[in-house]
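We call the chains A, B, C and D, going by the order they appear; numbering starts again at 1 in every chain.
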Amino acid sequence: MIEPHNWGRWGADDERGTLNLLTPEVVLAAMGSVRQGRVVSLALPIRGSTSSPARLGVPHLPGRPLPQHFMSVDGADYAAGVRPIGPGVCVCDDALVVSPHGTTTHLDALCHMWTGDKLYNGHDAARVRSYGATRCGIDKAGGIVTRGVFLDVAAALGVPHLDGGFRIGADLLDGADIRPGDAVVIRTGWPLVHASDPGRYQHPQPGLSYEAGLWLAERDVALVAMDNAAIAALDDHGRCTEPLEEDLHLLFLWRHGIHLLEMLWLEELATLGATEFLFMLAPLTVEGGTASPVNPLAVL
Amino acid sequence: MIEPHNWGRWGADDERGTLNLLTPEVVLAAMGSVRQGRVVSLALPIRGSTSSPARLGVPHLPGRPLPQHFMSVDGADYAAGVRPIGPGVCVCDDALVVSPHGTTTHLDALCHMWTGDKLYNGHDAARVRSYGATRCGIDKAGGIVTRGVFLDVAAALGVPHLDGGFRIGADLLDGADIRPGDAVVIRTGWPLVHASDPGRYQHPQPGLSYEAGLWLAERDVALVAMDNAAIAALDDHGRCTEPLEEDLHLLFLWRHGIHLLEMLWLEELATLGATEFLFMLAPLTVEGGTASPVNPLAVL
Amino acid sequence: MIEPHNWGRWGADDERGTLNLLTPEVVLAAMGSVRQGRVVSLALPIRGSTSSPARLGVPHLPGRPLPQHFMSVDGADYAAGVRPIGPGVCVCDDALVVSPHGTTTHLDALCHMWTGDKLYNGHDAARVRSYGATRCGIDKAGGIVTRGVFLDVAAALGVPHLDGGFRIGADLLDGADIRPGDAVVIRTGWPLVHASDPGRYQHPQPGLSYEAGLWLAERDVALVAMDNAAIAALDDHGRCTEPLEEDLHLLFLWRHGIHLLEMLWLEELATLGATEFLFMLAPLTVEGGTASPVNPLAVL
Amino acid sequence: MIEPHNWGRWGADDERGTLNLLTPEVVLAAMGSVRQGRVVSLALPIRGSTSSPARLGVPHLPGRPLPQHFMSVDGADYAAGVRPIGPGVCVCDDALVVSPHGTTTHLDALCHMWTGDKLYNGHDAARVRSYGATRCGIDKAGGIVTRGVFLDVAAALGVPHLDGGFRIGADLLDGADIRPGDAVVIRTGWPLVHASDPGRYQHPQPGLSYEAGLWLAERDVALVAMDNAAIAALDDHGRCTEPLEEDLHLLFLWRHGIHLLEMLWLEELATLGATEFLFMLAPLTVEGGTASPVNPLAVL
């Protein structure tokens, strides 16, 4: 049996904004990270056209239901004779079907993973029901505004991307200036593999080692963000092979209440050379959700 | 036939971040609006449990398909005997089905409305197809980080909320310190009606007058954000009754390339007394989408 | 505590086609009911265009998520310039989102309702999980081919439709020639109310009395089919007011293993004057589903 | 340019039941095909649990969005403490998201494929819009009750299944007793490949040759039904390689108004040795749909 570490440290999780680590001081300090006034999106596109093979062209994990995007009325309809909704006014409308994990840039809710029968902070796991999670759902994450720290591990090692299966050791993080409440953004470069050879993307994947995870958790970061699919490395069969007590999702989400942000697109950020910025993340307020698709912003 | 006004002024719309008005100077200046380090969400909850009447309890327009949220595996399943995905590791997963217009706090894409056969900037409206909009889609909006200005019209008039059908005149905005690139957030208080009497919410609704709209457009704001459902007022039948040439969606989206943010929850912001803040909005990168559900943040 | 009656009579429910009452003899005898060679559909339309108010124009219960139908590529797209999938070949494609109960003509699975912690035939109710029902799901219903008997109660009483709240007594069924394995189709005429005044349709509704339900159950019918929304009558608030021990869903689905078919359109059948026919129903093989939208056929 | 052949022969397609070939005489005669009173489903399961790899274990074409099935409340929820909807009454409820083509046993609507700018019977293809097809939609197919003829080509050739890429020649059909209005059900055995080696299933696939298609079309069959994914054979890349004028979908759907039923499960039927039966098919009444998932029944 593994033990929780930081239950209670992050707030009672009975209202929005459990991350009480994100104090006004942390937020105010983060503003000082902005130097250029440049806004960079860290999200992959959501490509949902089900009648086009294009949507397969976005990084995703095997077997997951990819996003679906439907126009319920569009410009081609009007061109073909559909009556405008008012005299002269044309409108287009759409719908999105999305299962965030493994398919989009998304933030995991604290309820996303646990061991035993308790969620983070000791809430009964059986309260995560078909209606949604009444505790630790994504609606409790609130808006996350803090300092972002960019650790471009691939660049530090002088490679375009880390190798599949590679685990980032704690030594590769050592020396980084990390403060409590930081959003730590780590680049493996793995999405470049998808761009050049989609078939190779899914597995294996590089990821964080347990020791590196511990190193980050001990520094009380607010959020760990990466451009791989599962924070941990994936083996040739797409599995995380860490033993239960070293599982990185359990380490961050369940033991420490640290949110995880996965499947980022960091290539633009990497070319800009910034290592510190204002990080802004606004998960959708899906009551009881296990995750939210997001568009994280770095303000340089 | 009505004429476009500001086509071209906002950028060529062929890549992300068409709002070239949001210059580095605007972004940097916005940082100066943060004084307390407090982050406030301006979003309504997304309540999608289809087997519970609760989801009807969120403001929405009649006839619209409300968000649906499904757990594909949850804590109750494990309690009932579902095998964990790994030895000791439980995971919950979910899906969201959402049509943003009229059902959630959402940002309209510039393609959402037009007249004639051209979108904003003169793109062919017939390019908005079942695959999505290849021009002026929500993926082109990019992250919006700018100064937010809060105009609490209900408070200014000394009422808890404006009356259904009331139109905010330009005189009620006059004197406000609005700069190019601002996100102007206007409170009618109308969602309070939903809280006390859901049946009254849908229509009529208060909204902006055309004159007030012109006043804002002339000031080159980046975004107009309100807590009603359609920016314009709605009559007893739920319709905007402005003539075509005074249609507010056409004025903002189509003539001026000004994004619209609707169905905000501004009650918390209203109690905090802030009139200026850092505004941050990160629409999902749905390729060719007509809108995105969003969780706008005000950093006070 | 109410007691199950016929657990075990209908088969072990561990494979498709639990209704072992539908013996070859019953099926063969049903063929003799065909006299004209005329096929009549008993289904309401599924109208799913979310950008049109039309979909509200189909009978449905309040608060239920109505069907949504999306074209992912259509003829208007090609007219507007979308490239055919092959040289000269155009294809259209679509998606359907449907929650059958209360929104479509549908067949309830035996797992749809229960009391206590056991499903029909004593299966553990906790085996109905987010993955679906491993016992008594709609995939177990199999194809239902049997004799149909039409009881046009509205016509028998000389009214266009029964009144809202009216309960069909056992006396109104008495005398009908019902045999084991029959599909009994009962007309209230209530959908006519929707056609003339949609606002009145939802509630109250006429329905079956408990005594009539018992009368049918005792005759070992395979299926009870009606054109109201809930078999039982609905009061002014849309509720079935029978006490637990007289609940009609429990009586049929849970106590007797008799499937329920709801929200039929029987007006065409009513005008044809047939009282006996070949009844054919083929629920979708959704593994573990609680219902299936269906298109029941009467072959006269 | 290829030419339509039988436009107009099958009815005006302005109401349900365009297949006027299915005359009362044809339906009555079909009843005589029933000898054993045995009902056999010809459908594959619809397996929609998105959190389980099981759903990948059903035959499907690559890149298609697989069915998704969600329980919005289930038995595990009640076991975990969800309150029953009434005193003692538990209910489970669900939703299905389905794109039929390439993912389920489904019937193609006549609008599913065309060449040029006209659908079958000369309707304007641009009338197939985001709202659905106002002509030749699946709602127009009506219930199909007719004689079924089973041609087990794999058995006739003494193989468990035809080879990938194999085309069934007209010679292999010659001699079969086919009458106008018949539903011709052809077995390739290809789904057995999926059962033993899912990776091999998608392509290549065996299928019908153009000559065999012509042979069937000339006999005025009502419907061609097969257990492969696309009626035509698929090459190593999953493509039909027939030239435009020999495209089988165009031949059947567009030139002759003959419905196509794909992705059947015929293994149970094959073991029963029946060559003639009552065929019954009831597509969902999705207004303007391009297809319907179905559960075709053979009554032996």
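Operating definition for what follows: a residue touches a chain if its C-beta (ideal position, glycine included) is under 8 Å from a C-beta of that chain, and two chains touch if they have at least 3 such contacts.
Protein identities per chain, from UniProt: A, B, C, D = Cyclase.
Predicted model, so just to flag it, every value in this text is computed and none were measured.
Counted by C-beta pairs in contact, the busier of C-D and A-C is C-D.
For the pair chain B and chain C, the distance between mean C-alpha positions equals 41 Å.
Chain D has its Cα centroid 23 Å from the Cα centroid of chain C. Put simply, the C-alpha centre of chain A and that of chain C have 44 angstrom between them. In chain D, the residues touching two or more other chains are 49-52, 65, 68, 70-77, 79-80, 82, 91, 93, 95, 97, 99, 126-127, 129-131. If touching chains are joined by edges, the resulting network of the protein chains shown connects every chain directly with every other.
The touching residues of chain B, counted against chain D in their complex, run 49-52, 68, 70-77, 79-80, 82, 91, 93, 95, 97, 130. In the complex of the two chains, the chain C residues touching chain D come out as 16-17, 22-28, 31, 34, 36-41, 43-49, 51-52, 65, 67, 69-72, 74-76, 78-79, 86-101, 105, 111-117, 119, 124-133, 139, 142-145, 240, 244, 247, 249-250, 278, 280-291, 293-297, 299. Note for the complex: chain C touches chain B at residues 50, 53, 56, 63-66, 68, 71-74, 76-77, 80-82, 97, 99, 126-127, 129-131.
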